[in-house]
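Listed next: structures, encoded as structure tokens.
Below are two complexes that have subunit A in common, paired first with subunit B and then with subunit C.
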Partner chain A sequence: MMENLIDAKNVSLSYGRSKKAVDDVSFTLPKGRVVGLLGHNGAGKTSLMKALVGLKGVAGSLTVLGRDPAAQRSQLLTELSYIPDVAVLPRWARVSELITLMSGLQPNFSPERARQLIRRTSVGLNDKVKTLSKGMVVQVHLALIAAIDAKLMILDEPTLGLDVISRKGFYEMLIDEWCDGERSVLISTHQVEEIEALLTDVLMLDEGKLVLNLSLEAMESRFIALAHDPEAADEVARAHPLLRYRSMGGKPAALFDGVPPAHLEQLGQRFRPSLVDLFVALTRKPELAPRA
Partner chain B sequence: MLNNWNDTAPIYRQLAQQLAGQLLDGEPKEGQPMPSVRQLAQQYLINPLTVSRALQSLVDEGFLEPRRGLGMYVTEGARHRLMQSERDSFLREEWPVLRERLRRLGLTGKDLNWENA
Partner chain C sequence: MSVATMRFKTLLQREWMQHRWGWLLVMFAPLVITLVTLPFGGTVQFGPNEGINAEVAAMVLAKSSKLAALIWVMSTLSVVGLSLLAMSFQISGLARRDAQDRSLEFWMSLPGSHSEHLGSMLLAHCLLVPLVAVAAGVFSGLLIAVFGVIKALGLAGLMAVEWGSVVQLLLPALVRLVAGLPLFVLWALPALLVLMVASAWLKRWGVAAVALGTVLLANLPATRGPVRVWLTGHAEGASQAFFISTPDQVRAAAGAANRVEHMSLGEIWGTVGADLLNQVSNLASLQFLSGVALAAACFALLIYKRKHSA
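After this line comes the complex of A and B, so read on.
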């Protein structure tokens, strides 16, 4: 029995001779997880996802659903649900025609299930793609791929450019219709704050390297934030926190990997660091550095 | 709209507190079933594992009990015990802060409107 849906060991990927788009990345993805793949633009998210579905060859060892993606791509593509970053649906088609099309392309696709999922949305089966808003098109796309009987869904920036109502509708369908404790989803985004509660795990890429790979549960116990008075700033800085910033209430705060030194705990108050704070701390680019 | 959580505690703790608040209001009543993990996951837009953790922490505190094959039920006496634990935590944590503020403002019991406005 296959243990992990994805098993990546020392996976690297480069374009030509330039620097690596994905640099020595290792991780596993078990069943029943909702994994966020976070990173700035150009961090390697799309390259990694393309490698997972066999659209890019890699160095290292990569197994997806028990298969070698590059060698068994066409087989693999019928066994998982994938929305690429450049996803488009044909503008001339009606939704009902897309369902017919998918039935022909995907042996594991259920037209009944697709129609049932479309009924959740405000889109009609007779609507043409070109008459739909961007948010509706993405919902249709999700309905189509969620109707594939698969164990793994891979979504590359699915909510990019959508308004808040459409994003909410998208996440609702994902949680309600896909996440059943058995199936897993890997979703890339840089809308970190709004996806945090959806995730069970997080993978963080920075310049092709995996800088964080852990469950949200482990994150709670490993990273500790301390809000403190401005007078304590020098003392806190000397303990070299990962990041110094301002907490929600506007108080100065510091983020530590692990328990902060005992003498600092008395100067401040612990609070829950958000995924965004951690994201900034671990993938900070020069232009994001705090203004002095 | 998409993120209803603050930085005071882990999200599962915050959800457990919200659900406990609803139990105190009798939703659902003692002996009645809780909504399913999937229903709660969709309602709060949280992954099902986090919902399960929140429910489990309410089980650990004795407010819910799992019934085999049926899901979670509100235990008998849950409301009373919740009330007791909420009172204790108010008196322990919130009241000293409130009392200090009242003192600073020079307010006494008779300055406060104890009826509805």
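After this line comes the complex of A and C, so read on.
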């Protein structure tokens, strides 16, 4: 019985000799998880996702759904749904033709489910992709991908170009209808605030390296933010927090990896740091000055 | 049907969905142009056998039947010729088609190997479409023949056409054409794939680069000899794929019947069969196998390029 849907050990991926897109990354993805893959532009998210679906070869050991992605890409993709990028649907095709083609290419695709999901949008089955707006193309792509009865969904910036209502609708459908406790989702996005509530785990990449691999529960207990008065700023700075910034309401705050020193706790008030703050703390460039 | 077969069939269907209007336009343009232009211009007057002698005289046919047969043959050949010409122009652009419109990433997010995608593309464009063009040519050629006979000889002339005899006469030619198509494609494939490879890397300069490279190789003292021999061999193979390649066979068959025009249907079928066998046996030659090796190398290069474009 397969325990983990993804098993990556010391995975590296290079472009040419010098550019390392993914650098010695190890992680596992069990069943029933919704994992956010976060990172700056060029952090290696897309490269890692391409490696996971067999489009890029890697050094190290990588198993997805019990298969070697590079060697068994075609078989792997029958059990996996993947959005590589938005706006990649063939522009000449009608939506109904895409459903026909997906039915023939993807054995686990349900045309009825796809039609049902497309009916929720303003796109018609007879519409040509080239006549649709960018957001509508994304809606069609998401509907097609969500109609695959897969064990794992890998989404690379899936909602780019979608308005906030459509984004919300997609995420609701993903969690309420697609995820069933057995299926897992790996999702990369820059709209961290929007997906934070959906995630069970987070992977953070920085310059190709995995700087965080944690469940959201563990994150809450490990990282602690402290809102404090401006007068306490120097004292807080001496404790070397991960990040000093302004919290909601403009009050100075500091983010600590672990429990802050006891004397600081008296100077401020603990609160749960957001994923965005943690992301900034762990992936900001060292040459940049702190935000507060 | 296995999953792989289903997938390949779907990829062929994708080619149809994407290119059907262009294909249909090429296939039926001769019919439409003929039907539109036929009412205009003067009537055609033929003498007793003027202009339509040897080509269709293998059976003793009435003038109207000969005319119908001639028009039917010429129309069918023009449709097939146009389709092959369109294919040869289109093929170089196919190498970059999916990368150009960015849909490559979509196709690669679905099950299916690069070789399946390329294989279905080549099969559809190089073989299936020309075969469909034969059917379209036969159909539109029949209509053009009907209207052409009416135009030249009137309705009475049409009524005089012995369609059964015409079909009997043309059937061996049709069989030879259909059987010759795969042979033609096999001989032409190295050139087509070289064009695709060049376009995959050099984009719009690919065709010009191939033309320039071929001219250079065929004229440089170091390469002139073998390159010219190879090109001539392949050009002969491709050109003989559709037509009687050994006039001796025809003469031999005609000798028994005294004149080519008086060959019996059996002799015609026999000649076509012998010629086809001769063409098939030509495939077991170093010339042809070297082309297969070149085509295979080009196919591998196209897969490499496609893989690294995704």
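Just so we're on the same page, the second predicted complex is superposed on the first by the 282 of 292 C-alpha atoms of A that agree within 3 Å, B and C clash if a C-alpha of one lies under 4 Å from a C-alpha of the other, contacts with A are read in each partner's own complex, and residues count from 1 in each chain.
Assume contacts are C-beta pairs under 8 Å (C-beta built on N, C-alpha and C of every residue); 3 or more make two chains touch, one makes a residue touch a chain.
Remember, predicted model here, so these are calculated numbers, not experimental data.
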item: Partner chain(s) touched by A:51 [first = subunit B, second = subunit C, both, neither]; value: neither
item: Which of subunit B and subunit C A:75 touches, first, second, both or neither; value: second
item: First (subunit B), second (subunit C), both or neither touched by A:224; value: neither
item: First (subunit B), second (subunit C), both or neither touched by A:83; value: second
item: First (subunit B), second (subunit C), both or neither touched by A:248; value: first
item: Which superposed partner A:164 touches (first subunit B, second subunit C, both, neither); value: first
item: Partner chain(s) touched by A:199 [first = subunit B, second = subunit C, both, neither]; value: first
item: Touched partner set for A:186, first subunit B, second subunit C, both or neither; value: neither
item: Overlap of the subunit B and subunit C footprints on subunit A, listed as residue numbers; value: none
item: Residues on subunit A engaged by subunit B in the complex (per definition of touch); value: 32-34, 164, 167-168, 171-172, 175-176, 179-181, 193-194, 196-200, 216-217, 220, 225, 247-248, 271-274
item: Subunit A-touching residues of subunit C, taken from the complex the two chains share; value: 3, 6-7, 9-11, 13-14, 17-18, 98, 101-113, 310
item: Contacting residues of subunit B [partner subunit A, same complex]; value: 1-3, 5-11, 38, 41-42, 44-50, 53
item: Contact footprint of subunit C on subunit A as seen in their complex; value: 50, 53, 55, 73-75, 77-78, 82-85, 87-93, 97, 100-107, 141
